[in-house]
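There are two complexes below, and they share subunit A, which is joined by subunit B in the first and by subunit C in the second.
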Partner chain A sequence: MASVALKNLYKNFGQTTVVRNVNVEIDDGEFLVFVGPSGCGKTTTLRMVVGLEAISEGEIYIGNNLVNDLPPGDRDVAMVFQNYALYSHMTVSRNLGFALKARGVDEREIINRVQRVAKMLDLEEMLERKPRQLSGGQRQRVALGRAVVRSPKVFLMDEPLSNLDALLRLQTRKELIELTSELKSTVIYVTHDQVEAMTMGHRLAVMNKGEVVQLDTPEKVFNEPANRFVAEFIGSPPMNFLDVEVSEKSHKKTIRADSFELELPNSMSSFSDSKAIMGFRPHDIKLVSEGGLGGRVTVVETLGAEKLIYLKVGNNSLSILVPATEKISSGEHLHFEINKDHLHLFNRDDEKRILFPTES
Partner chain B sequence: MKSQSSVFSILRIFVIVLIMFILLAPFLWILLASFRPNMELVRNQSLIPNTLTIENYVSLFGKSGYWQWIINSFIVATYTVLISLPLIVAGAYSVYRTHYWGRNALSLFLLSVYIFPTALLVVPIFRIFNSLSLVDSHLGCALLNTAFAVPFGIWLLQAFLKSLPPELEEAAAVDGIGRMRTLFQIIIPQAAPGIIAIAMFAFIVSWTEYLFAMTLLLSNDLHTLPIGLTGIVFGQYRVNWGFAAAGAVGSAIPVFLLFLIVGRWFIRGISAGAIK
Partner chain C sequence: MTKQDFRSRDARLGFLLILPAVILVILVVILPIISGIQISFTSQRVVGSEYELIGLKNYFELFEDKQFIASLGKSAIWVLANGFFQTLAALLIALLLNQPFRGQNFVRTWIILPWAVPAAVTAILWRWMFDASAGIVNTTIKSMDLVQKPVLFLANPDIAGVSLTFVNSWRYIPFLTIIFLASLASVPEEEYEAAQVDGASAWLQFKTITFPNLMPTLTVLGLVGTLWASNVFDIIWMMTRGGPGDATTTVPVLMYDMAFYGYNISKATAGAIIFLFLLIIFAFLFIFANRKQFVIASETFQDLSK
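Let's turn to the complex of A and B:
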């Protein structure tokens, strides 16, 4: 296993820069997830680490070695592809052993390693089958096995779960977490699914428009998003945003939107601008019988244990999560209070979250 | 509604039958004609025969050089396939995968071989082949067929290769598998249906080739099927139509059998090339 360092990494396709100044250090044994919407440059970044894409500028280190000019096969990394890329004309066992054979590993050693990996991934019964005789989940495990069998320094995974159906994805996610922690492997994982990112990553590198906008633990990314984009992208359902005016009223900072007023908590009293974007997550609210914010219910979505309620508050559309036991129907008028401890303010110009002295 | 849809389906069946008839009638006519006496064919070309005879086949199989021609055609076609396949695979892989200056222009230029009317090439080809001592040899004939089979074969196979997921090669590259090994152990097996289809194509190009075989194969005992048959069909004063039909059937049978054996791959290969 090894650490990986990406330094000032750029990728240009002609005039278009698709990866811009990426700086990420991944520790030995760390599970790092690149997460972001499609087209944000996460897969391109991964492909540069593997060596399938040339680097326009910057440096990539695996362990202590600069690998910029090394071909993929010499980087000692293994990759799991989204569509698995299994060799369909070979049996599972040959798929698993092919890379070892090509590297001249002793036949007996190949058999041992294939057997061990097959056991680890529950593929023993399928070793003599061809990929097309396997289910999606089994193919995925073969693809994973093909990476594991080589004991590479780093595992690179490009949306490996996205071709699985919902239930299988959940199960495979858990298995993948168990497997990588058992192997203590360094993993770089790419996904657009923020739930996958939150559950699997030791740290997340949230990307947008070719840049890493936040690099932190899942908790920090969720609770202290760097900007409006991160706040909106991470967390489901997404955070609510409102354009607000801030004024001072009898020595208290107060925010005002078109239909309500809210006193800012003391921790935010140092805020000095007159305009901001207010953000709060749908579950950081409390229903009240009157006062607080009020709005008309437009849509009610039952999610099981909770209900997602869409409200029209003044000119704004907001969503809130309430326990499923609440009896709410559309058209109804609803009042709620926002939990001020989890209130976020973002700068209107650059949309960065405003930090207050109590936070680190 | 129901009667409307049944009228539609009857109409559809009628159209299908009509198209099938238009497509298959010539073949049916040839098949039937091969069992008719030549004199009857001269007088009456209708589809329905008056008398049936196996006289044409008796003279084709028994009295002509049919078996020798078949063997010769088979030798030339096999040479053609053996020489053209490696060139087609290498060429298609190069066009599809490698990057070099002028690649696109080159791949377009490939098909320009077919621009020239082949009759124009007969004399120069004969002179060139003569100076290379390739006249009157099956190998020479196969080389020429190769020249005509390779460009289209490359074009067809690279379309097939494009339909393979690029991740296969990327996975191999990440696993440290060299390019040649990737080509032979991953790309070629994956493209097998396309390659077999193209081998069939090269075989048929050679099997049906007439003009250059006529020019290059001078000795009677080297003649391929198309030359041999024309020699007999076109007599000095008359054309033996019944025999011609039997000859056409007799030359189609080996190819037909080949299709039966590998037809499944042929269809898959053709359709992959057509869609992508």
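Let's turn to the complex of A and C:
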């Protein structure tokens, strides 16, 4: 295993820059997730690390070696592709052993290592089958096994779970976490699924429009999002946002929107702008019978343990999560209070989250 | 409406749709073959002349005819040489054209040109180019001091077959190249990427990914290519008339010569029937031996047409 460092990485296709100034250092044994919407440059970044995409600018180090000019086969990295990319004309066993064979590993050693990996991933029964005779989950395990068998310095995974159905995805996610922590692997993982990112990553690199907008632990990314994009992208259902005016009333800062007024907590009293974007997550609320924010219920979605309620508050549409036991139907008028400890303010111009001195 | 009704209505529509093709095949393939078999049992000399039934006499004569036996051998060599040379060349060209380069689309489209040229034009074109005194091939190799005397490409019995193979291949290689390119396009790009990451050399990638993916195509071409090459008549007739001597007299050329210059149409027809019979046996054996590849090929075709 080895560490990986991406330094000032750029990728241009003609005039278009799809990866812009990416700087990420991945520790030995770390599970780092690149997460972002489609087209944000996360897969391109991964493909530059593996060597399938040329680097326009910047440097990539694996261990202490600059690998910019090394072909993929010489970087000692293994990749799990989104569509698995199994060799369709080879049996499972030959798929697993291919990389070893390409490197001229002794035949007996190949058999041993293939057997060991097949046992680890529960593939022993299907070693002589062709990929087309396997189910999606089995193919996924072969793709994983093909990477594991090499004991590479780094595992690169490009949305490896996205082609599995929901239940299998959950199960495979758990297995993948177990396997990689057991092997103490350095993993770079790409996904657009924020739940996958939150559950698997030691750290997340949230990408948008070719740039890494936040590089932090899942907790920090969730609780202290760097900007409105991260706040909206991470967390489900997404955060609510409201354009608000800020004024001072008897030494207390107050925010105001078209239909309500809210006193800011003392920790935010240093805020000096007159305009902001307020953000709060749907579960950071408390239903009250009077006062607070009020709105008319438009849609009720039952999620099981909780209900997701869409409200019309003034001209804004908001969503809140309440326990499923609450009896609420659409058309009803509802009052709630926002948990001020989890209130976020964002700058209206650059949409960055405003930091207050109590936070480090 | 039950499902069964629907199926049988479907079947009826299907039958109606292929009916024109079936009628056409009966009229222009099945009936002429039956009529050919009839003629081969007679003593007819030219079309429309009087004749009597002579049973298998034509066939017995042919089995003792050294010229006919020799033409079978020449046809076999012709098919093998053409098949080998064309397949190899087309595969190499397709692999080259599959690499990205400027003007790729232009070349991939216009490479079909030699195939689109009528056989008569091709034959005359190459007869000029192979001409001993003024042909561009001879003047070029002479100016490069490669030869002292002009090479008699079509008049030297040792070279004529090679020259004809070359011209016929020149004609068919573009078509095969296009087929190979289509087949190469269906190989998943990700398998090559996985192989690169796995550290496979270009040769190992070809051997383990490209070639197995081309196998169904190669097998189908092995069959139809053999049948096409066996029946080539136009190029040979227009360039050498089967000569010099009998050097390039394959079965179709001999049959034509026998029927329309030797005035023995019934014997020539008998020869053609024997040849047809041999080709049918070959086709059956070939399909049986490669049935797995044919299944894959038809599955691939079904996938593509979805």
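Quick notes
Please note the rule applied: the second predicted complex is superposed on the first by the 360 of 360 C-alpha atoms of A that agree within 3 Å, B and C clash if a C-alpha of one lies under 4 Å from a C-alpha of the other, contacts with A are read in each partner's own complex, and residues count from 1 in each chain.
Just so we're on the same page, a residue touches a chain if its C-beta (ideal position, glycine included) is under 8 Å from a C-beta of that chain, and two chains touch if they have at least 3 such contacts.
None of the values given here were measured: they were computed from a predicted structure.
With subunit A as the common reference for superposition, the partners subunit B and subunit C occupy clashing space. Touch criterion not met for A:G291: it reaches neither subunit B nor subunit C. Of the two partner chains placed by the overlay, neither subunit B nor subunit C lies in contact with A:P37. Applying the stated contact rule after C-alpha superposition, one finds that A:M79 touches each of subunit B and subunit C. Where the contact sets of subunit A with subunit B and with subunit C meet, they give residues 50-52, 71-74, 77-79, 81, 83, 85, 87-89, 98-99, 102-103, 146, 150. By the touch criterion stated above, subunit B contacts subunit A in their complex at residues 165, 167-168, 170-171, 173-178, 181, 185-186, 189-190, 192.
Interface residues of subunit A facing subunit C in the complex, by the touch rule stated above, are 50-52, 71-74, 77-79, 81, 83, 85-90, 98-99, 102-103, 146, 150. Within the complex, the subunit A residues that touch subunit B are 50-52, 71-74, 77-79, 81-83, 85, 87-89, 98-99, 102-103, 146, 150.
Of all residues in subunit C, those touching subunit A in their complex are 188, 190-191, 193-201, 204, 208-209, 212-213.
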